[in-house]
Amino acid sequence: MNPRPLSLLSGGLSALLALLLVSALWDTPVHEGVSASVAGAMGHTGVAHPVTAVLLDFRAYDTLLEMAVVLLAVLATWSLGRCDTLPARPVQGPVMRGGLRHLIPLAVLTGGYLIWAGGAGSGGAFQGGAVLAASGVMWVLAWPRRPDLPAPLGLRVGVTLGVAVFLAIGVAGLPLGPGFMGYPPGWSYGLILTVETAAACSIALSLVLLFLGGRPWRDAEDG
Amino acid sequence: MEAQGGYMLVAILLTSLAPGVTIFFLREEQFALRTFLNMAGAVFKVVLVVALLVGVYREGYTYRFSVTLLPGIDLVLAADALSLLFASLSATLWLVTTVYAIGYLEGSPRRSRFFGFFSLCVSATVGIAFSGNLVTMLIFYEMLTLATWPLVLHRGTPESFRAGRIYLAYTLFGGSVLLAAVVWLTVLAGSRDFTADGYLSALYPEHGTALTALFVLLIAGFGVKAALLPLHSWLPRAMVAPAPVSALLHAVAVVKAGAFGIVRVVHDVYGIPLAVEMGVMRPLMWLAIATIVYGSVRALFSQDLKRRLAFSTVSQVSYIVLGVSLAGPLGAMGGLVHLVHQGVMKITLFFCAGNFAETLGIHRTGEMGGVGRRMPWTLAAFTLAGLGMIGVPPMAGFITKWYLGLGALESGQGWVIAVLVISSLLNAAYFLPPILIGWFGCPAAPWDRERFRGHRLETHWMLLLPTLMVALLALGMGLLASAPYSPLGWVSFIFGVAPGHGSEGFAGGAGP
Amino acid sequence: MAESLHAWPFFGSGVLLFVLGLHALVTRPHLLIKVLAFNVMGSGTFMVLLSAAARGSGEPDPVPQALVITGIVVAVSATAVALALMLRLYPILGGAGLPPGPPED
Amino acid sequence: MSIGATALTLVPLAPLLLALVLPAGKGAWRLTPLAVLPALGAVLLLPDATRAHLPEVLLGVRLALDPVSRGFLLAAALLWGAAAVYARGDLRDDPHVVRFHVFFLLAMAGNLGLVVAADAVVFYTFFALMSLASVGLVVHRCTAEAWRATWVYLGMAVLGELCLFTGLILQVHAVGDPSLERLVLEAPPDGLAVSLIVVGLGAKAGMVPLHLWLPLAHPAAPTPASAVLSGAMIKAGLLGWLYLIPRGEAMAGVGTWLLVAGLAGAWFGVLAGVLQQRPKTLLAYSSISQMGLMTAGMGLAVQAPELGPALTAALVFYVVHHGLAKGALFLGTGIARQVSLPWLLLGLGVPSLALAGLPLTSGAMAKSLLKTPLEATQGDYSAVLLLMALAAAGTAVLMLRFLALVLPGAGRDGGGSWAMRLPWLLLALAAPLLPWCWDPAAAWALLSPGKLWTAAWPLLLGVGVALAGFLLFRRVRVRVHLPEGDLWWLLERAGRAGVQAVARQPVLWRSPGGTLYARLGAWLVRGWGTLQDRALEAERHMRRWEVLGGGFTAWILILFGVLWWGLGG
Amino acid sequence: MEGMSDGLTWAAWLLIVPLAGALLAGVWPRAGRWIALATSVLVALLALGAAAQVWTQGPQVVSLGGWVPPLGIGLRLDGLAAFMLLVAALVGLFVGGYSLGYIPRDGHGERFWALWLWLWAALNALFLSGDVFNLYVTLELVVLASTALVALSGGAAALLAAMRYLMVGLLGSMAYLMGVALLYTQHGVLDLGLLAQRGGEGTAMMLAATLMSVGLMAKAALFPLHVWLPPAHGSAPAPASALLSALVVKGAFYILLRLWLTVFQDLAHPGVMQLLGGMGMLAVFWGGFMSLSADRLKPLVAYSTVAQVGYLFLAFPFLLAGPGGWHAAVFLVAAHATAKACLFMAAGNLQEANGGDDRLASVAEVMRARPLTSFALGIAGASLVGLPFTVGFVAKWILLQTAITSGAAFWAVGVVAGGLLTGAYVFRLLGPAFRPGPGRSGRPVPVLREGVTLALALVCVLLGFAGSAGLRLIAATPVAGPGG
């Protein structure tokens, strides 16, 4: 079938689906969802901001798996092969480099603040990590020679750090705290903070490596 | 007697299973070890079966072994008189056929594979014989398909592949139908052991149609291997297999498994009274009669010797079904005793066919002229077995015909004797001519592939000895029919009738 | 019903994004567009989730927000793997569109 | 097992064992005559009503010796002995001598066994053994004529056996016990069963419509074989009738039927015999005629139960007489060319005239024994007696025709060992001596003038007719020649024509499904091929991304539709 | 229902060990092979322990981090989950053993271990998770790990197959996520148990059910959406395709079954169930038919997976048949997983021995010279067809029994006909082994690999006797409503 009628058909079907979705959502009841019980249990989390509490305390297991997804993505891209030299067309001229020389420290600072602010307001590991990753990417783009990244082992440890720390703390919850992925009472704020910083660093490193799109080092066999 | 010695049954199964599996992994040239394993397994199995025979006959022990397969469904091995009849047949004939096969396949390739599957097949047959309920029988029944398919393909020629494909199509179809039927029956009546007069009578009134449909499915499932009329055409095609395969499988193991299954279903699942009440016996009899006549007619017109024997098997196995469908003790005795007699006689015929083919390269009945001069002993065995098939006394075939006749009269269908007569006539028409031209004719053309010329014996001793042994066995079964350990004696023991003088109530007459 | 009314534009746009993404994913052969379409569908779903959270009278329910954050991160990593694969496929397919039939495997 | 019982079992067992031993030993076939000794011993020494019972063998074997079977056994034993001795000389240098003697001994065992059998199953077993073994004798020479005779004989033997089997099984079921005594007494007058038995045994006894194999088999078989075939084996049919046909009023129909068939056989035998060219065929027709008389006697015995015992005794004597005389004639014909005329005249003349009923010979006594009970009772059997007498005359004509055929060839080849002459002469002597040693009183009674005349006039009439016939044919020079196996010759021709007619129709012979199967097979294979291509095409089509994605959306809508419809939207 | 602490420990450790193993293998790939072996043995023992726990104390819902479900995430350690964990552990153990001989020791091979352990961790998380959104994340983990495994062999076909697999996977996940969003909008709760209690039959619930079901059917390769499976499983390395066919496809089916047993049980209308069953039957015949016409070993086995998945979907029409109707299909998962894994391993052996070419004609020669692998192929094939003495026979028996007790006899006919079709293509696979002519043993294949393949085939036979135990374990699943 040439594309013409097929796209029409798919368009029609999608429109129909849209109508269904709207009609379904139209008569869904309004409810407070879980926010009431979240507010109620905030006291024990040692964190002020409810989203961070949900993310890192109530549904900590989700976040662990989510960070695992990022790590697995990196491993998957590495298993596809080596990344070619980047970028295809380096950015010439002093403006980029000059600007970046001031911008990157600022970005790192904001990232750090975001991680810290996560405890009380909106922010946290992922947001901070994202900003750090952005600065990393800009740095890689600006200085196009082979990026002098740390040795493969270092990279691997760095990427795995976030998940490893979170898992270690989760396992510690078994004997000490209220079971797996539970923080021992009173310790939750400190632990959440460590998890957040480790997660932020790992995510930042992972995103930069994902941007590179392959193994940034020469393996034994791909000569 | 409480059930004990269940492990004896497992031991009997293992006597062929264990050597079978080990033989698979032997290299081709480990000839001595393979022969030893084969023979040891066969002899040991016969010894165990004899021990069982004595146990059941003299002390009346019951042997039972069960392992749970599914909640409410067990794998049960039980040795009652009927199962011992079939088991002893398979055990003795396996011993004989192993010797024959070793002689027949001397120097041919892939013998480890052959003997491996050969032993698996016998363990499946013995498993069917000793199975205590329908589920176990179904399991061994399908295992038999798996074990026999490679044997049909053994030669690897294109037509053996075609035969294998057809064989597989039929038997897999039969297996599936049987599986569906057994599951349905288990759902209806639970998986219960075989009992003397069946265990379905309680269900009859309200599950009437279901039971009839089930009966049809069960008979169709077993009928495939028993080569009943519409499902028989795999048997003549499977004749491309080597002689020992067609001898043991298509004369004894496979075909008898089907017939044995039908006997079990009619006697021990439905029970004769229920089957008669449901009115399924009459169509079964008509099916058996149609197969008998059709088989004999096709045999008459087929020139190839083994194909003729195959069609004769198709017709002869339906004697057993006819006997069972006569719904009387005498008819059933005739059918059951034919289970053994036909096995022994047919295996003699196949051995002789194998000898003719192997020694003189004779494949067609027309080429049998003057064989009597060159291979008198084999032709004598062929004559004995041929006369037995026709039902000439004192051979074993006559005993069957006699009891079937009496059974027919006893159940009021006297006209069935006409069928027996027609079938004997047809048998005579296709067995006597080859025998006659064998003894008195002269060879049309010189035998091209003549082997063993000038040997002391007319052919390899491992081919001749088994042939003569089974021929004498066939004669003995006929001649000494009333002895307690003869098939007729054992069948009378099964039905609790005094052996001899096939009419009820007539004591065997005190010896002088 | 009043509260759900004022959330209507967000539900509507969420659904619209989802459907547009689906349509583009289905019809456009170009791999990059497919990956983008996949992200559009993702954001459409997240929009629906967030508008469900924002419907309430008080401040929005935190759980959907956490779900959305997790969803975004997962979407990013999936997109990254898809792009890496696409880069590897580019020389093989000689164009970024999925071939009509399968290469004779 | 008492001595009597062992002796009785040895009667059939001796030839069986010898037959099994024969192929092994080099010259063992020379011992064949010894196999008869147990039978002779049993006839002479064993008392009446000796019983033997082997419960283990077959379905319980029972043997017995009673006056009737003693007579038959005597005839069989003497005849088989003589033939065996004759065969030693006749077939000495035949290449297949061992094979002949094996089948000879098996047939002997069958014959002797069925005579002493006291159980229906045993009778049937030995009957089957005898008829199948004798096939080996008939086909021995492997000439075209022999094969033709064999196929006919085999076909009729198998048919006869099966009829007998069915009849027997019906009777045994009715009575519930296969022992012959009870069968004869208690068997219900079941028309079907009895007629099957009559037909089954009739095929062996050469009853008229079923006699076709006799004239074919006798010339084809070697001399000793045809002697025994005609002398002893066809008597088995008569013996079977005696054992198995129940007596009683209800059997009157069967009786008359037998009588008519018997007389017809007697006459047919004579008429067809006279027109034959070869002496052995002539003798075959003479056997048919004699058996016809005996069947008639049997019919009378069945019809009139009160005459039963007397007639049975007469039949027994008749069997012995005919057996020995016919045996002598056959053996004589065999060596006619090596014997000088006077010996031949004596050796053949006496038995042939005895057959015709010459006074002072066993023939006269046999016929008179047969007639006296008829004359004695009040029923008027005059018509039957007349016909019998005329048949006797016919036999006389036949015998003279036989002598005319055989005597000219006397002494041509010379030689001929004593081993062949002795048994022949011995049998020939039996004709005059038999009445005296059987029943001297009756033999004396025969000498009375009345009895002499009743025996003599049919003979004289026969001689007169023979002379007239001889003169007529000499002048007219017409060669009337009836082909051997009269009716069979017609059947064969009709059969061959029928087969050719069928073969010409192409439709019938091509296997019905031939082309149909081939076409069906080809169509199936083609269909399968196209189906596979279309499926692969559909699969490749479905693999395109647009189709997959579109299918996905469509699938969502379909499922939602079904849910909506199902849950009552 | 509140789980005692040991319920949580078993479930937790079943998540922690594979995750830790995956992390270690990721960081230290050179020692990946030994880490993987240790992890697989450990996880197998844990799975046995969990099964024993469920067998004795019965099913448990365990809340993570001490937060009770509406707030926190609950793990469901019941009969169904324990059974699937056992199957995953069994297949994982044997695939591990097999991979020791399959994966080369050089750099390229090392990545397999980490990806495999990630897949195993993801599957364990998937089987245990009791939260709808958490299932989404585990599904994503499975998709990424599987894509990487498919793309591992690096050929053009493999990369394209991986891409197509990823696309379908993501499309399915996105539809699933929209379903989750609808559920949350409707009920505001994510835990399976709580959602089941709320139930409801509004359009939102219906649409959520549709979206999630179709998404999962795409990932489980049910008939119309199966086209990505044959190239993916065909071109992946043997241990990878064994895992994909035996476990990954079953994961999607597991979630679908879980949803229809709990969340959507009110929607389980006979019409829908018959539709799903019907598509299952279509898949059986289409898969069987395509296997018959495949001329290479791996596509033939891959299409056979498409067919066998069809059998699994028979669970849905039996859902309404009465209590425990769906147990038969779940037991079939075990039967198919073991048989299919063994078939793929044997196919791998033969392909490598035949120098990478797996055309049926040329593989036959190698078959004849390798009795061990052909024997394993025979037994696994027999188990697939459902011939006696194999776990396949027991599975087919229970399936037929349920079909007949549920009164819908035509499913029984479908199962039997499907069995015949399976028989056709399995014996087409085995046929060449009996052709005459010399066998060519081809390239050397490590004995360990052939040994492991045969061992798994023998496990297929041994499991045949575990029928009643398996059923009893599956039955320990608390399900309210019809499917209970």
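So that you can tell them apart, the chains are marked A, B, C, D and E in the order they are listed, and the count of residues begins at 1 in each.
The rule is simple: a contact is a pair of C-beta atoms (placed from the backbone, for glycine too) under 8 Å apart; a residue touches a chain by one contact, two chains touch by 3 or more.
Please read all numbers here as calculations on a predicted model, not as lab measurements.
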item	value
Contact-linked chain groups that survive once subunit D is dropped from view	one piece
Joint neighbours of subunit C and subunit A, given as chain labels	D, E
Per Cα centroids, the chain farthest from subunit B	A
Highest-count interface - the chain pair sharing the most C-beta contacts	A-E
Most remote chain, CA-based centroid, reference being subunit D	A
Central subunit by CA centre of mass proxy	B
Separation of subunit A from subunit D, taking each centre as the mean of its C-alpha atoms, in whole Å	108
Separation of subunit D from subunit E, taking each centre as the mean of its C-alpha atoms, in whole Å	79
Centre distance in Å when subunit A and subunit B are each reduced to the mean of their C-alpha atoms	74
Cα-centroid distance, subunit B relative to subunit D, in whole angstrom	36
Contacts with two or more other chains, residues of subunit D listed in rising order	543, 545-546, 549-550, 552-553, 556, 560
Where subunit C touches two or more other chains at once, by residue number	18, 22, 25-27, 29, 48, 52, 61, 63-64, 67, 70, 74, 77-78, 81, 85, 88, 98, 102
Set of subunit E residues in contact with two or more other chains	133, 137, 140, 144, 147-148, 151, 164, 167, 171, 178, 182, 184-185, 188, 203, 206-207
Interchain pairs in contact, sorted by label	A-C, A-D, A-E, B-D, B-E, C-D, C-E, D-E
In the complex with subunit E, residue positions of subunit A that touch it	20-21, 23-25, 27-29, 31-34, 37-38, 41, 57-62, 65-66, 68-69, 71-73, 75-76, 78-81, 153, 156-157, 159-160, 163-164, 167, 170-171, 173-174, 177-183, 219-222
Subunit C to subunit E touching residues, read off their complex	18, 21-22, 25, 31, 34, 38, 41-42, 44-45, 48-49, 52, 61, 63-64, 67, 70-71, 74, 77-78, 81-82, 85-86, 88-89, 92-93, 98-99, 102-103, 105
Contact footprint of subunit D on subunit B as seen in their complex	372, 376, 387, 390-394, 398-399, 401-402, 405-406, 409-410, 414, 417-418, 421, 424-425, 428, 432, 436, 439-442, 478-483, 500-506, 508-512
Residues on subunit D engaged by subunit B in the complex (per definition of touch)	1-2, 5, 23, 51-53, 55-60, 62, 99, 121, 124-125, 128-129, 132, 135-136, 139-140, 142, 150, 154, 158-159, 161-162, 165-166, 169-170, 172-173, 176-178
Complex contact set, residues of subunit C against subunit D	22, 25-27, 29, 98, 100-102
